Amino acid sequence: MRRHLFILEFALSGLCRRRYKNLALLVAYSLLIFIISSILFLTHALKREAELLLQSSPEITVQRLMAGRHALVPVDWVDTIVSIPGVIDASPRYWGYYYDPFTGANFTVLGVRSSEFPLKGREDLDPEDCLIGSGVSETGLLRTGDSLVMVDPEGIARPFRVAGVFSTSSSILTNDLVVLKEETIKRFFQIPEGYAVDLVVRVANPSEIDTIAKKIKEKIPSSRPITRTEILRTYESLFDWRSGMVLSMFIGALLAFFIFAWDKATGLSAEERREIGVLKAIGWDSSDIMEMKFWEGLVLSSLAYLTGTITGFVHVFMLGAPLLESALKGWSVLFPSLKLRPVIEVYQLMVLLFLTVVPYMAATIAPSWKAAMTDPEEVIRS
Amino acid sequence: MAIVLEDVTKIYNPGQPNEVHAVKGVSLRIGKNEVVILKGPSGSGKTSLLSIIGCMSRPTSGRVLVNGRDVAKLPERFLTEIRRQRCGFIFQQFNLLRGITVKENIMLPLYPAGVSLGEIKRRTEEVMDLLQISHRANFRVEQLSGGEQQRVAIARALVNDPEIVLADEPTAHLDTHLSEEFLRMISEIKGAGKTVVIATHDPLVYESSLVDRVIHMRDGIILEEGQ
Amino acid sequence: MKYRRFLILLITESLILLGLLLWGHYRGQTEFVRLTGLKDLVTSLMLTDLSIWTEARYTRHPSQTDLFSAFQDCPGCLEHFPSGSIVSVPPHLRRPEEIP
């Protein structure tokens, strides 16, 4: 035990001796872990948030496919679907996208029925009123009482009075929404009578969802039912650390860092070789030298790991990931504020450990094996 | 500690075009509390022999008996153990580690020995007092003069209380005054009952009165032994 | 001794991280209330997706996109970089045989 502490002590002396070089390495290493942990925490929190929220999404949504494309759904499908045992209810949904040429943003326009009016304290929405998400409000500089102008398919500009703005705390769901009354949206998009954009099916027993989806497909072959499980699965894989960003953007950085670390570890200077020889001559064993190298790597790794993780956590959950936001945002005009629920699992921390510390240790310890095997006699011969 | 070499040879890069026969069949006995000089020009094999005596390298053939036990065939960690417990080295250019303090340099041989911190500190202070470098304890070695560095190197060689002290060309970079100083310290080491083996071709060292034996080497063999 | 200083630093950082995790756990519980409120919104507006990226259908409504439309924007399209590279292909598009 004491022996190990002394070797750690000497390893620390060694690190302090090449202070600036090791400090630079520590900073680069911490920065790398900071970036990876930020992405990992952010995507994980988004995933959990999606998982929690979308549990309330419709059990089944039914789309129609025509000539290989989405098409409007005939509302009389409702009767066919409701006749399937286990289905409580099926209702048409009216929604669409609207490109706003003034701000360059895409809005999601959504129709609601009076009975489903989402804002507390309000009974109904006037036909000429709209509710907007905070993103729409910010880009269009719109406040309650202002008019949101949208151009209909005939080229006529139609103003809608902003009756309310969704709070920023809901922006992950409502950021780009423009909520209109159902009749208003049908008229605005000129959706033909008897048609809807898609259908929403409510099922009593969650275990029957898949069976019912299958039955819908059998009864209406041109339909495409999407179950809630599929939605949840989509989001599960959407924010997977193995996908997208980590792979495409940071594998390169990761590799560059390990090449740097490997180079530093393998390219032992004549000075370092001499020192290892001296240590061996005065009674250090090869295993002691290896242990010293191991401590060096572990000291750097553990400090970088903790520093990177702490700063990553603060960055994502306390500051709202400002550095990642611009990278994630890209060309998006609307982007929700990332006030996320700080959920971290041990699994995340382990992934981070295996992604950074383990390869670093491997890349630096393995080559020191050769140096540790140096014959002490070489020192007195040089 | 008695060290006996029996018909020891050392070949570097065997079978290669740059094969070198550094030591050719040397037999030698070094007794307890002796000061032995290995004398000879460079390339005479004295450094190779010194490193075999100090268990830093293994002979190609022959036997090396340390207190009656053949160590030539022992695995590396046993040799390390012998170096750690019984040998102290003084290198030609002192080979102190730069960037760390005098005290830390002296402590180094004790780190893997498994003794307590109190013991390490006690022994370090003891040898620093003995060599009168206590006032430099917290200086980095590169801030020291040549004479002081030499004392640190000797202190490091003595800190593990070895039975045998080996020195390779210790006076090669020292002026006459410091070389005499070195000999004075060697006589103190001898006075403490230790065996000393010095590889040198400095007449000031091998003609000194405290030397018990001079072994004259050339081309890997012993030419003559003198008192 | 330096190792004491190192261990103190290591323990301090570990405690900070632990504190953050505890804070996160506590915050997570209060945030849970906010999210429960949002769940009602999901139900009443019948939402199927999060509003994160709005530049393409597959980024705005990844769960609703299909494999059938011709000339559809594909994940990885440069015009939607970087969201196109962050949003991976939905699983039901990756394995066509699994389409219900």
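So that you can tell them apart, the chains are marked A, B and C in the order they are listed, and the count of residues begins at 1 in each.
Operating definition for what follows: a contact is a pair of C-beta atoms (placed from the backbone, for glycine too) under 8 Å apart; a residue touches a chain by one contact, two chains touch by 3 or more.
For clarity, every value in this text was computed on a predicted model and none was experimentally measured.
Chain contacts here run in a simple line, from one end chain through to the other with no loop closing.
Across the structure, the highest number of inter-chain C-beta contacts is found for A-C.
Averaged C-alpha coordinates give centres for chain B and chain C that are 66 Å from one another.
The distance from the centre of chain A to the centre of chain C, with each centre set as the mean of the Cα atoms, comes to 3 Å.
Touching of two or more other chains is recorded for residues 117 of chain B.
Across the assembly, chain A contributes 9, 13, 16 as residues in contact with two or more other chains.
Residue positions of chain C touching 2 or more other chains: 1. The residues of chain A lying in touch with chain B in their complex are 2-3, 6-7, 9-10, 13, 16-18, 274-275, 278-288, 375-377, 379-381. Remark: chain A residues 5, 8-9, 12-13, 16, 46, 49-50, 52-58, 61, 63, 65, 68-70, 93, 97, 105-108, 110, 112, 116-118, 133, 135, 169-177, 179, 200, 210, 213-214, 217, 224-227, 230-231, 233-235, 237-238, 240, 243-245, 248-249, 299, 302-303, 306-307, 309-310, 313-314, 317, 327-328, 330-336, 341-344 touch chain C in the complex.
Chain C meets chain A in the complex at residues 1-3, 6, 9-10, 13-14, 16-17, 20-21, 23-25, 27-28, 31-32, 34-35, 37-55, 57, 60, 62-64, 66, 68-70, 79-83, 85-88, 90-92, 100. Remark: chain B residues 47-48, 50-51, 54, 56-57, 76-77, 80, 83-85, 87-89, 91-92, 95, 97-100, 104, 108-117, 120, 156-157, 160, 168 touch chain A in the complex.
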